[in-house]
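Below, subunit A partners subunit B and then partners subunit C, in two separate complexes.
Up next is the complex of A and B:
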């Protein structure tokens, strides 16, 4: 496309302004995480200083936020693993078999994306509570309880994303393997899985981000044993006036893995965020 | 489905019949477990919630009298509920339209430049991947009346420090602006991905015929992008409707309920005021409304693209 010079210059100016407005709060905030306590609140802000890691040490060890980090890891990884174990076969089923209602079921899966978390979070809390009172079986404040509830948003997404990868593969692949004597499961394991492996990894990482950032369900359902990093960050809002450095240290711990993953996942990101509806 | 050889009528052995039965239903072997879990973690809670909303249930008491639709009536007659419903509508209207216009604009602009596209995309992805709670906390700091960058900047311009999050007149707008800051890049990414797949032929012939660029945009780009636009609007609408995280950490609904969203209000009704049934009734109302809205948008969407 041939673009007049003036139009292009204007485009550059506006887009650069947008990028700057995105970067300033993120960078300036992150910088605070490395500031020694005496300059946390200095205004005008101090831009040049000797960076320190003491804020990270303080939140992780003294405030014991490493426990939240551990809980976040257990819950995020656990819920992604479960979502994959259930979702990948289901995606394969949807991609390969046409049956009555298959289209409707897929649409139903998208519609789950519309459900506000309060709609499931509220009954989950009550169900866990009543279950515990009735049977003594405690799902409240357990990692497994949260992993289970996270399936409400992870599982439909895994199925939709993985279905896209399976549909791209020619069905002849496993059929020829089955002619050679493999069972369908054998053909799946030996022939199909190695090919869709990159897709599984991308799906897993993207779903990890969603589980990692989740706040609402954790707020309702997690307790002392399971509270996650976003919840830990939330506690600093009360102390925030005086603890900017600590707050941004926690924020940065939450952001770091996601930013690293995003660099590898840029292509898949849109697909994941839109359920791959646009494929 | 193609009929299996084994399903042909006439003398079949039992094992053949069992085989054909499993063949015909083999998709359930793959789909069944996932479906079962989804029924347990999504459908059952909703049914449970609907049940709870018809009784008077609290976390403490053991008697649970049936009250019919009383909880729904109380909810709809409650000023705070209506106020938070109004606020939620405000969020949906302004956050969706704001992020849509900015994101769409950015997507149009990025097609006019060549160098720096990738780095720009990478920068704009950052807010999307941040946890909303982190975004909220970060902007708390930016907007802090004493130490925030915004007020420092306003100070340079000679404007005295503002407590933007503590004033009823500005708090709601601030929260919406922060929401737009986080999510207009999503619209940008979706629209840009859609634009990359547009066919070239109609543009070339239109240009040959000397059609103005505004008409090209209206008559070619917009209609071709319709499904992409709908997806972006749908996602933004359902997300704005459920807003909780950033409000929770930025204003917690205040001042004077001006920023309270439905999610926040129902959370408080259940867990602060221990009115489980009433909150359940409210959440069912919420589900009905967003269900209706997204069903209408889906309808438009499915006219355009083949799903499933």
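Up next is the complex of A and C:
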């Protein structure tokens, strides 16, 4: 499709304006992360200064936020892996087989996405507590406990997104492979998954961002052993003051993986998010 | 290999499969059999049951005397070409053709030799390195054919493989499929709703409707001696002119069919079939090609008004109104009568068809055939 020059110029102008609007606070904040403490909140703001890594050193080493970074990585990656392992086959099932209640089940899944985390946070805590007392199985303050809790929100997203990709593919594709000597699982692995791979990458990334940024459930269910980076960021907003430089240092650490992943996976991401639109 | 379907039943429990009602069918070794019928007649469901993609509710399927009803698709030694799928999009042409061979763990050298040989057979040996986006629709369908052939299946199953191609390509590939069938000598089962495709391809045509087999026969048999009114109407383009009528027998034994507004004499060959009749009501039919334009009114002739003429090339299809009935008539383009003029149509008794109005069975078939 050829877009006229004027329309293209206009769309770029709008996109640039939006990007500036979004990026200025991010940029200002990120700069602060490199400022020495005395000029954190100087007014007017200082734009030129000798950058320092002392804030990063403070948060990562002195305050041991590297532990939170580790927790965040374990929980986010674990959540995404489990959500994909369970969700992708489920999505395939929903796409290919009609069974009693399949439609209702899909709607129930999407309704899970509509629940605000604050509604389920305390019930989850109560459930964990009950489980612990009844069976001795402790899920509070464990990585697995949070990973499990996040499935409430990740699984519906995986199933809905992946089902969309599977529905787009003709069933004849795997049927052909089945006639040609493969089992359904074999056909799925060798034929279908390679085709929907960009979709899986896009789904994984969106899910990773959810788990990585999640604050509220972690606040309730995580403890000393498992608290995540967003929770660590929260500790720099204390009653009397905000430790801006430290806060923004943690923020930058939080943003980095998402930015890097997005840049590396952008081709798959665009393919995955526009799957079926262009063809 | 010989394919036998015994009392095959598929119910409509799940909404997207078409019912098949207890069908029996034998397809001989090396035959090119065409399952022909309108959409929803059960032809694709039948094919998918042979492939193992659909499980019959009851009945058995045999290939070369081997009961394959309960086998997985991969163990049936069949190959299938689909209408809406040709190439695995993440593999190039070469890997597509090699794909079924990897399933049987063939060694790399042997795979390479086989892939190149089969690609040559369907004229895509120049395209082996191309991907899905670099081949045309017709080439992609050739890849599907090559992938089907590469394992030397006992039976080829084809589910409307040409329907998504443009008209010219369709005719071209049709010829190639016919040639492929002759060269390999394998049994082919081809599904189509296109009766022209069925006629040109098939050694044997199986006409289906509403889950039942209507007639099994050679292209000539289903065209010239349709077993019932459905087959008569479905096979042939433009389709047969059919009218409801009733029979009148004179004391001399002469037989007439009374149609809306006029009467025609029937040849004696229909007399035998009358014994099967339950009433005097019939469906009378004649193909557009069998109606002749004549200069003057005579026996079995009626005057009509030309309402529309469609050019078919060397011939014209005229629509002629006779007593409120519109007849399709195919004539040589040179003999065509202009719109608005009258002409005289002659109905040759030798080309007439007659069906019982209740059972819709042809009155030309002997009782034994109809009892089956």
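Here is the rule we go by: the second predicted complex is superposed on the first by the 235 of 279 C-alpha atoms of A that agree within 3 Å, B and C clash if a C-alpha of one lies under 4 Å from a C-alpha of the other, contacts with A are read in each partner's own complex, and residues count from 1 in each chain.
We adopt the following convention: a contact is a pair of C-beta atoms (placed from the backbone, for glycine too) under 8 Å apart; a residue touches a chain by one contact, two chains touch by 3 or more.
Computed from a predicted model, the values in this text were never measured in an experiment.
In the superposed model, A:101 lies in contact with neither subunit B nor subunit C. Of the two partner chains placed by the overlay, only subunit B lies in contact with A:21; subunit C stays clear of it. In the superposed model, A:136 makes contact with neither subunit B nor subunit C. In the superposition on chain A, A:191 contacts subunit C only, with no contact to subunit B. Looking at the shared chain after the overlay, A:151 reaches subunit B, while subunit C stays out of its contact range. In the superposed pair of complexes, A:51 makes contact with neither subunit B nor subunit C. Of the two partner chains placed by superposition, only subunit B is touched by A:213; subunit C is not. Note on subunit A: of its two partners subunit C and subunit B, the one contacting more of its residues is B. Taken together, the two complexes place residues 98 of subunit A in contact with subunit B and also with subunit C.
Residue ranges on subunit A touching subunit C, taken from their complex, read 98, 170, 172-173, 175-183, 186, 190-191, 194-195. Note for the complex: subunit A touches subunit B at residues 1, 3, 7-8, 11-12, 14-15, 18-19, 21-26, 28-29, 32, 40-45, 86-87, 89-90, 92-94, 96-99, 102-107, 109-120, 122-127, 129, 148-149, 151-152, 155-156, 159, 184, 209, 212-213, 215-216, 219-220, 230, 233-234, 236-237, 240-241, 244, 247-248, 251, 254-255, 258-259, 262-263, 266, 269-270, 273-274, 277-278. Interface residues of subunit B, counted against subunit A in their complex, comprise 1, 26-31, 33-35, 37-38, 41-42, 45-46, 48-49, 52, 57, 59, 102, 105-106, 109-113, 116, 120-134, 137-142, 144, 146-149, 151-152, 181, 185-186, 189-190, 193-194, 227-228, 231, 235, 238, 241-242, 244-245, 248-249, 262-263, 266-267, 270-271, 276, 279-280, 283-284, 286-287, 290-291, 294, 298, 301-302, 305, 307-308. If you check the complex, the residues on subunit C that touch subunit A are 14-16, 51-53, 72-74, 76, 78-80, 82-85, 88-90, 99-100, 103-104, 144, 147, 151, 157.
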